[in-house]
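I have a structure here, written as structure tokens, and I will follow up with some questions on it.
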Amino acid sequence: MTDDITVFTGNAHPEFAQEMCGILGVDLSPTKITRFSNDCLQVQLRANCRRKDVYIVQSLVPPVQENLVELLLMLDAARGASANHITAVIPHFSYARSDKKDAPRISIGAKLVADLLATAGATRVITMTLHSEQVHGFFPVPVDHLSAIRELAAHYKGKDLSNTVVVSPDFGYAKVASEFARLLKLPVAAGSKRRMSDDTVVIDEIVGDVRGKKVIIIDDEVATAGSMVELMDKLREYEVGAISIATTHGLFTGQAVERLNAQDDVLEIVSTDTVPLTEERTPAKLETRSVAPLFAQAVRRHNAGESISSLFSDDVTHG
Amino acid sequence: MTDDITVFTGNAHPEFAQEMCGILGVDLSPTKITRFSNDCLQVQLRANCRRKDVYIVQSLVPPVQENLVELLLMLDAARGASANHITAVIPHFSYARSDKKDAPRISIGAKLVADLLATAGATRVITMTLHSEQVHGFFPVPVDHLSAIRELAAHYKGKDLSNTVVVSPDFGYAKVASEFARLLKLPVAAGSKRRMSDDTVVIDEIVGDVRGKKVIIIDDEVATAGSMVELMDKLREYEVGAISIATTHGLFTGQAVERLNAQDDVLEIVSTDTVPLTEERTPAKLETRSVAPLFAQAVRRHNAGESISSLFSDDVTHG
Amino acid sequence: MTDDITVFTGNAHPEFAQEMCGILGVDLSPTKITRFSNDCLQVQLRANCRRKDVYIVQSLVPPVQENLVELLLMLDAARGASANHITAVIPHFSYARSDKKDAPRISIGAKLVADLLATAGATRVITMTLHSEQVHGFFPVPVDHLSAIRELAAHYKGKDLSNTVVVSPDFGYAKVASEFARLLKLPVAAGSKRRMSDDTVVIDEIVGDVRGKKVIIIDDEVATAGSMVELMDKLREYEVGAISIATTHGLFTGQAVERLNAQDDVLEIVSTDTVPLTEERTPAKLETRSVAPLFAQAVRRHNAGESISSLFSDDVTHG
Amino acid sequence: MTDDITVFTGNAHPEFAQEMCGILGVDLSPTKITRFSNDCLQVQLRANCRRKDVYIVQSLVPPVQENLVELLLMLDAARGASANHITAVIPHFSYARSDKKDAPRISIGAKLVADLLATAGATRVITMTLHSEQVHGFFPVPVDHLSAIRELAAHYKGKDLSNTVVVSPDFGYAKVASEFARLLKLPVAAGSKRRMSDDTVVIDEIVGDVRGKKVIIIDDEVATAGSMVELMDKLREYEVGAISIATTHGLFTGQAVERLNAQDDVLEIVSTDTVPLTEERTPAKLETRSVAPLFAQAVRRHNAGESISSLFSDDVTHG
Amino acid sequence: MTDDITVFTGNAHPEFAQEMCGILGVDLSPTKITRFSNDCLQVQLRANCRRKDVYIVQSLVPPVQENLVELLLMLDAARGASANHITAVIPHFSYARSDKKDAPRISIGAKLVADLLATAGATRVITMTLHSEQVHGFFPVPVDHLSAIRELAAHYKGKDLSNTVVVSPDFGYAKVASEFARLLKLPVAAGSKRRMSDDTVVIDEIVGDVRGKKVIIIDDEVATAGSMVELMDKLREYEVGAISIATTHGLFTGQAVERLNAQDDVLEIVSTDTVPLTEERTPAKLETRSVAPLFAQAVRRHNAGESISSLFSDDVTHG
Amino acid sequence: MTDDITVFTGNAHPEFAQEMCGILGVDLSPTKITRFSNDCLQVQLRANCRRKDVYIVQSLVPPVQENLVELLLMLDAARGASANHITAVIPHFSYARSDKKDAPRISIGAKLVADLLATAGATRVITMTLHSEQVHGFFPVPVDHLSAIRELAAHYKGKDLSNTVVVSPDFGYAKVASEFARLLKLPVAAGSKRRMSDDTVVIDEIVGDVRGKKVIIIDDEVATAGSMVELMDKLREYEVGAISIATTHGLFTGQAVERLNAQDDVLEIVSTDTVPLTEERTPAKLETRSVAPLFAQAVRRHNAGESISSLFSDDVTHG
């Protein structure tokens, strides 16, 4: 049944697409990406798309704008080549963080990008750990929204979790942190942020009991790790013990690596592989867990007309 | 400049529309709503709409489905009558609570209703305190999303707020609670919920320091008050003092009134008037603050081409 | 070939869906309909929809607005769950009666509802006996418009139809009445209506020869039976004999049952089962003929890629 | 206020556009219509459209397809030229007769053409006497649907209408005929048609009392007059007196003129001027009443933001 | 795999459709085209379309507007009849010549017609030799744009091409002429046009070396042959030898036949069969090469999910 | 009348926007562009947009993808801020070069970008010298397509143009080159290109008489100048005299500056200012002519409802 799946990847994260294809037992189809002398891009899909179920894998990681436009060109090319269905597989949909209008006259970027994907030809999207659950509703096409929570929790199975608390960096993410904590049967706490000026936000207290405990900080994304370091500084005021950081999307941009390497009480940083990492952008204590099998599973199940939600639960309601 | 504004109201909350019109200095235009013998509705707008800026005021309060369809019929009627612009004024957009896909194969109701409004002809929406900020992004048309936070906070100005803490019922609403707390210069706490089964969620602890303090509970909506009572029971385990409840949308459906009247330590319930209340659906200690002036202001400013965001801040960026 | 049909039903008329499923030999898939405390609805489709041909059965019967919004939520849920095709099966599309703009600034409700269905995700519609044939053209998606005429006519086969005339309540329905009359080889007559005021219409004469004859009155829908009684009073001025009433959509709302039971010269009321009836809403002399087999046939044929129009005729043009 | 109206006309009926412009007091703007050697059309609007309210006058009269494509090209040209609003003024929307799917696998042509007009750029439509009222609902843009009934009735004011009956050719048009009859305080009758084969329909009786009376036949459109002659033959079986024919759209195509001229008992044929007539296509007894003033009035009122519906009634609900 | 292809043709060029069907081994399905007495068209597809891959063959040849509207009605009929996919097969898309806005306030006709086709229901288009390659981008649906270059070049294989030059009538077509020339390993030249007035363009010189050479003139379309004769007159100023004319779309309208027959030094006119020709519209020296096999191949390959681009090249990138 | 124009600029070319504003007599409104740590962009428009005619100036120059996404975010922000009209002012629309599908399974990038602009909220576009005229038709919104031909020609007025020929680099651009040549009353020639492999194209001859003449090469865009140098090498084989280069969009990317500075026989390079240049990207002999006045004129005229086409001609047809 999987024989008419055709998978292409852009430049953002070909290793991820390759790993998915390996699990699916299909070849990754070649693409040719050209940059013209005026800096415009052209992408050629170099395998037949006609009446195929086409999957285009592209993480919206830096350089985000290049990767986004590349993805849009690939979707449009697949449509023009008479593909039957076109699924954008976006392991990290980074624009999800622009999910509200918290200043006058800004774009809700996640909504705009969701609309652009549909305009370019995407008929479905598979993605993971959107910054907030509501972003799912921004897409005019069906979305399979995978969660990394179980994969991250699996890392801690069998480890000593005594006297440990799960910490969310802020209230907005506390609900997911709570779910994660419950998988590990741990309590939860959260940072409370105060906006100092238009550009400055500080964590002014930790709500919940963390004093003297070991902590697992969980966040959807770690980029420059600036706010992560700030959070750890605040936690240390409460004399916490060893710190573990768990995140779905480990970007480690800017000074992230040196910042994180400098934290002696950080035991480990657990991340999935939705973001490709060069050696110099890899923190010393990083533990990576691949979610390519989860994405491959989602593709295989969809192609076979099987439920994807049942991947995530024992709920009797899954068909 | 306000002379070509035409305002209609559905059956949901005519008093609100009337108050807005009074402030704007325009007459509320008549509508005739007919229910046919097969239960289908027909709405006739009984004033000329041609090339006018039409405003249709309808809160999505119980009976929600009746009020929703009524609103859709009115929007479509205004479009067919060659209105220039058609703004749906929805003081309480109750479907905003259906903002995520937290079970398989459900609709994200808020997104669907937003799309239905646009299909029916709405070219803009004015609403207040959406359950989550992200719901703003569900609308395919511009939205002026007003906040009741300042109006509710104004109630507490000049009162004794010593030893008081603001409490959010859950993490999802904690960010707004924090904003409200900061306006009053108070600390914040939040309920942590645990899902017991597919249908049952319980508050298993209060995250943040509430012991022995007076509390102001803030939530976007109070309906049957069931979870509010559960929260207060949990708070009393921490021996809190007097309780004040602040909410934007006071529905007080089902057993809300008897439940709330039975809470002796509740000092007062502060709500806006986005929801119409009959006498028997009015809790004994209710204090209502009208937000019709805020809505009228938004209409007036939009009509005059003036910034609405500047209503809410001293930010130098407002034009 | 019917194995990937998945059928759901809303609350409007589950018996009809059940009967269709029995004929099709598929299980009716479960749904879970929740009413939140703020009166908003949520519908969960409790069977896998992925790449399935999904059928959602919902008659737009009272409470019409509840049933309509329920249907819209179910369509949207099926779309979000990656169904391949989504057919709204609407045995009684009651809004079809709002098919023209016969007063200024009203919505053409049937057109609006047709658009809402498409917005919510319907890719096809199966329905029966739209109030006027033109309503077919309001839908932006393909419609299989079934007719109950043959089923109703079958009731009269073998009965004594001597000295009998078919009567249409008004000119608008006279064309369908003529078709029905020709199936039974009977002449036709029609009521002529006069509008007395904005709200009052009276039948002022019967056009065509009815004097002293037995009559079969045919109409698409009987709701409160108010105009039906008025028509019979007028007919009696022409000293007609026994009266038979035939209708596709027997709603019998309001005082219909007591009104109809009080007519001694009414022999029988023949209706299909597009509308669910409780015992107290069932007139004494009602004869019901099920059209669920016709709907099941249409589903089966469509699923097999066979012509549906050939169900209705011997026309050599049917493929 | 009328100064920024710009009116263009296609080739179909420039005299009508000219008369409208005369009443409105604006110049008819020039167009240049080119037929290329491969038979494709090009239309150039030869007056500035930028930010103007543009009206394009084109009746869909023979050659219908030429006139339709010409209209579509003009609408698109106005849009591309940055017009603010673009109104298609279509005195005779002939495709309205294709308003239902009365055979398998045909297009509902009126719906298709309505959609094409919107695709090409029409933001509003003004038209007259659509074949059925429901066609109004086919348009995705606002429609001002004018009626010629009063204008036609005005012709009979002051004439001897004793012993006269209004006759509709079939049941489908009987409702409009009734309205017309009531304006003249006359009774109404209708032809009953029987389909003999796929292609043949005959009038097999007249329903209603016509024997020995003078008749006024009213129909929306008279084309070849074939069915009109058939109707008159049938009426003569009832020994009717003098015949008057009233129609909105007098096309008089094919053998219409000779057919009509040959009817000695036809007193007169009353028609509006929505269709341009050459001398040889003008029946001998034709009386034409211009509706250009009605169209001009509709344009003027819309432009001034005044109600158009109030043109047609004394209804107190008009704003 | 080809068993669910259903092919219909309009009136424009049934022979072409018939030939395609012969090659595909399917029957051409019947259509019934009716012209009503008011000149409106109705098309009935007389074979089942339900869940079929429907192909509608219609060349936009004179009478272009009739053929276009006929095509639009057929597409809409197929959509309403629940076809799965609907491909418009347009051997000659004549409106492609209206591909730019070279005068103020004209429509870009090719773009408009492309949009109309999609509005009417086309989900894909197969066409040949669009006037410019960019027209491909006007279509909102996938287009398979076939080229006749190889077929035309095949005519010259094995002939004496010594001292021969390929001539393009203008610069706009010179790029295609160059491709054609390279297939035959010949040099290329082009006419340079000068616009004399709004309506008059003359060829004022030939750019490239043609003196004393035999020439093959290539153009996408030959209609009245007026500019072709003008080009030949200009070429004779350079004392060229025998002339061969090659074109994809041989319309030969107006005085084309007599004009071309009068040119003694024209050896032959080579054209494909995208345009149907009557005997009197056939130039004496016409050689026709059928491209129906190429269209049939494209249909077959698409239906089998095979690449169509690989038909045209040995490029290793074709899947 | 220009008082409600609000102009914003992105990062691409603020000097151009500034110059336009100076001519228009309006202030350039401020924007705040933020790059988040995950590389996503956010743009805040820092002036009121409500009911304003908003213009957003952004050239699609390198880094093209950054500038494109920035533009899309700004358009969306303006729409969400209730602007009345939103015009994208794009001095250099570089993606216009991707205007055809000259390889299998590529996107027609110019069409995709045109659609993305409309999705993001652009209601009109002003741009200059699209690579081909047909690209105009890719936009679903009205486009004012300005030409730099007259501005470039003005540079040569009064200079010695004896024995001079205008040269187009290829046939595709020869039509524009001809127009330019006619403004200067000069003959025209063109390079003929041969594709050597999938990636390599060479100029194999010059079609037209250039031997021993001075040449003015004209092209729409000069990027790395690689093909320009190749063209000049080929021209020197014909012993041409001094060379002048004229181009609308002077990008001078990669090695353009050193390449061009090394050509001793190049007298001058004439370009407009649609592309911002740093000092090191400025060729030694560059002459820049500003087209900001032309853009400002187009904005002013549109705002005043005056014809823009009349800017470019004395054609009596301009309104």
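Going in written order, the chains are labelled A, B, C, D, E and F, and every chain counts its residues from 1.
Operating definition for what follows: a contact is a pair of C-beta atoms (placed from the backbone, for glycine too) under 8 Å apart; a residue touches a chain by one contact, two chains touch by 3 or more.
Every value quoted in this text rests on a predicted model; they were computed, and no experiment measured them.
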Does the chain B and chain F pair touch with the same residues on each side or with different residues, judged by whether over half of the numbers are shared?
different
From the mean C-alpha coordinate of chain B to that of chain D, what's the distance rounded to whole Å?
49
Centre to centre, by mean C-alpha position, how many angstrom separate chain B and chain E?
61
Specify, in ascending order, the residues of chain E that touch 2 or more different other chains.
44, 46, 49, 80-81, 101, 103-105, 108, 307, 317-318
Chain touch graph shape: choose line, ring, star, complete or other and state it.
other
Of all possible chain pairs, which ones touch?
A-B, A-C, A-E, A-F, B-C, B-D, B-F, C-D, C-E, D-E, D-F, E-F
State the interface residues of chain B toward chain D in the complex, per the touch definition above.
4, 29, 32, 44, 46-52, 79-82
Name, in rising order, each residue of chain D that touches chain E in their complex.
36-46, 49, 60-66, 68-69, 72-74, 76-78, 80-81, 94-95, 97-98, 101, 103-109, 112, 115-116, 119-120, 221, 223-224, 226, 251, 253-254
Given the complex with chain A, which residues does chain E contribute to the contact?
124, 142-144, 301-302, 305-308, 317-319
Of all residues in chain C, which touch chain D in the complex?
99-105, 108, 110-111, 132-138, 145, 168, 170-172, 174-175, 177-178, 182, 187-190, 192-194, 198, 205, 207-208, 307, 309-310, 315, 317-318
